[in-house]
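Given below, in the form of structure tokens, are the structures.
Okay, so chain A shows up in both of these, paired with chain B first and chain C after.
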Partner chain A sequence: MIEIRNLDFSYRKMPVFSGINLTFPEGSIYGLLGENGVGKTTLLKLICGLQRPTVGTCTIDGLTCHDRRPEMLQRIVFLPDEVLLPDNSTPRKYVDELAPFYPNFAIGTFLHLMQELEVEPDRKFREMSFGQQKKSLIAASLSLGTDYVLFDEPTNGLDIPSKAQFRAILSRRFEERNTIIISTHQVKDVENLIDPIVILSHNAVLLDAPVQKITEKLFFEYGGEKRDDALYSELLPGGYMNVVANERGEESQLNIEALFNAVLRNKERIKELFA
Partner chain B sequence: MDFRKQKSIYQQIADRLMDQLVAGMPAADERMPSVRDVAVAYGVNPNTVMRSFDYLQQEGIIYNRRGVGYFASADAKDKILAIQRREFLEEDLPLIRQRMKQLGISIDELTLDDVI
Partner chain C sequence: MSQTFDIKRFGKVLAYDIRRLSPRNFRSGERTGNMGINIISFAFMPVIISLVAILMGEQAAGVPVWVRWFMLLFTAVIMACLVPEVHYNAVNQKKGGSYYAMLPASKLEKYLSMLLMTLVICPLLTFCGAFVVDTLITFLPLHVNEGYLWQIDSLLGHFGINPYEGLPAIYSVRAYMVAIFGYILFAMAFVFGNTLFRKSKTALTMLCLFGIGFVVSVVSVLVTAWLVADLGIEIDLADRVMNVATGSIYGWVNNIGLGMQVLLITLLVYYSWRRIKRMGY
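Showing the complex of A and B:
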């Protein structure tokens, strides 16, 4: 379990978080959403110990993240949005170098994932497109055998077929003991994969709820007229989509983009509804 | 049918599994596809599919053999048809009736062979 307690963090004098609390128990694929600059990447860096909280704590299974002890580091992998890869190296050499640090690394899994994603493990990184490099890194991240996987914009750069493959791979590889956190703006790419959903804003966690709770509290109505009581409305070719408080107790299909807009525009109301 | 309503993903998956069960896939007392396989096929969160299976189990449509997996109940088809009939009468039919009224279509017209 990842636990963040009363955490403050600032870059020099610019505060990013003040007094935030979040827990990520195992057994879920979390979606971490938020506007540009609210600190999604910073949060991931705090979790894997690349940043140190100014105040408060961030721990993984009770181990303080920024201590970066081997027993903590071998449980977690962080895949940043962009990684500078050694030009002359290959995916196979890359995982060979990582392997000694990850006792549960499985070369078989890696090669299988590479095959599934159609990237050659012995091709040089400099001969690869950004998308192919990204796929290699996704395969590497998921074969290290860590309980915790942090992805920052994992579908960025992936071609259309690979996005579906990414979803399938994640649903196949995900185990009860895993905690996966996906930070993204490309919510359509992971729409039915991420659950619970965490929405960050400047200095606050606006929402942290499983999909079941979201669809209990909010109703997503498609193709009607614009409603005055809507927390958010959007005109689509088939009519208006409205996000309203769920009063009939009927579950509807969550639309994450609409949820995001509804939450951002009604911070207090959302807090009351989800309290 | 209700164009304003889109069922939640777990309900959509449960509906699809029920349609397949009615078509005999799997047949009574045969094994269901695994939660994992269904999740991978649709690219959805396995926990969501687990909810669909929980629902089917609550309705007595499937049963669990610990460590083996889920199986179709002997009376799965009857149970599903009862659910689908109720859904049609309570949810679909009122909307059809309302739409027929709007469009001025009488019930007599529907009995014509060329309409059906």
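Showing the complex of A and C:
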């Protein structure tokens, strides 16, 4: 389990987080959402131990993250948005180099994923498009056999079929012992995949709730008139989509983009609703 | 299993570093540290010298053994200076650094592997490769080399590092130690520079070393001038003292030099380790 307690973090004099608390228990694919610059990548780096909290703690299974002990590093893989790849190397050589460090690494899984993502494992990185490189890294990350997988904008650079493949692979390969955290702006790419959803704002966590709780508290109404009591409204073909407080306990289909906008525009109201 | 240092895991890190040493990992022409290029340039240097001599109308004279030793050691030292930037360029950079930092091994294991690669493995590989090529060239009937590399009586004597060869063996050992520690100190400066600068790491480290060297030289000249002028000390006094009690004076000078080198190496090791340990990405 990943636990963040009373964490403060700042880049020199620019505060990013102030006293945040978050818990990521095993068995879920978390969606980490937020506007540009709120600290989504920083939060992932804090979890990986690539940044040190100014105050507070961040632990993985009780191990302090910024110590970056081998025992902890063996359980986690982080795929940043941009990776510096050895141009003349190939995905197969890349994982061959990493394999000795990860006892649960499975070459069969890697080759299977590469095949599914339609990337040749023996092709040089320099001959690949950005999307193909990304797919290779996704396959490598998922075949290392770590309990914790952190993705920063994993669908950036992927074409539409690849995004669907990514969702399918993640759903299929996900196990109860795993914790996957996906930080993204492309909420449509991970809709129906991420649950719970964490929305960050400057210095704080605005929402941290499973989809079931979100749909219990909020009602997503499609095709009606614009409502005055709506937390967020958006004109779509065929009428308005409104996000309102679910006072009558009605069931509705979550729209992450609308949720995100509703949360950003009604921070205090959302806090009250989810308290 | 120790979380700070485990020999098996250290072996894995070293093997990982050696595997990534392959030129395939570096875009050709982008980096200057390609070991093969170094070895080839060194090995063909005598051929080039002879060709230039022939072109200038001179008769090709074989390159003396000590000159080739100098070139060989120089190549190995150059390699030690280049390895930090070429092989560990990303340690303090956002993109590649996080990848290296996330490798499941302790910071100490990664750092020790880096030192071993920089100070021993890469220069040694360069040295051995160049030695083999030089022997082959000497063996061929090209007459560009004057004898084999092992046909040398005293290496340090040729470089003027050990002018006291007639003295007991301990002074020669000290002279070798000064040379070895000097090499480590020089290479460690580049390891530290690699953690300090983000771009043009080798060039900037070199500039800093030139700067420090310049300041030290100016201070030395000023101090000597002051000693000669104000205190009336004769310039050749030190030489005369050396001639009277060569052994003890030379021993003391060497000890002070060694002490300074050890102190500076310790500082560089400490600060480069500290920077790597605290690096955020």
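Here is the rule we go by: the second predicted complex is superposed on the first by the 275 of 275 C-alpha atoms of A that agree within 3 Å, B and C clash if a C-alpha of one lies under 4 Å from a C-alpha of the other, contacts with A are read in each partner's own complex, and residues count from 1 in each chain.
Throughout what follows, a residue touches a chain if its C-beta (ideal position, glycine included) is under 8 Å from a C-beta of that chain, and two chains touch if they have at least 3 such contacts.
It should be emphasised that the depicted structure is a prediction, and the values quoted were computed from it without experimental measurement.
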(request) May I ask you to decide whether A:His112 touches chain B, chain C, both, or neither, giving the answer as first, second, both or neither? (result) neither
(request) Once the structures are superposed on A, label A:Ala164 by its partner contacts, choosing first (chain B), second (chain C), both or neither. (result) first
(request) Quick one: classify A:Lys213 as touching chain B (first), chain C (second), both or neither. (result) neither
(message) Just to be sure I read the superposition right, which of the two partners does A:His185 touch: chain B = first, chain C = second, or both, or neither?
(response) neither
(message) After the superposition on A, what does A:Arg5 contact: first (chain B), second (chain C), both or neither?
(response) neither
(request) Identify the partner contact of A:Leu84: answer first if only chain B is touched, second if only chain C is, both if each is, neither if none is. (result) second
(request) Once the structures are superposed on A, label A:Arg69 by its partner contacts, choosing first (chain B), second (chain C), both or neither. (result) second
(message) List the residues on chain A that touch chain C in their complex, please.
(response) 45, 48-52, 68-71, 73-74, 76-78, 80, 82-84, 86-89, 97-98, 100-102, 126
(message) Quick check: in the complex, which residue numbers of chain C touch chain A?
(response) 1, 3, 6, 9, 12, 15-16, 19-20, 23-28, 90, 93, 95-96, 98-99, 101-107, 109, 278, 280-281
(request) Please name which positions on chain B make contact with chain A in the complex. (result) 3-12, 36, 39-48, 51
(message) Considering only the defined contacts, which chain A positions touch chain B in the complex?
(response) 27-29, 164, 167-168, 171-172, 174, 192-195, 211-212, 215, 220-224, 238, 250-254
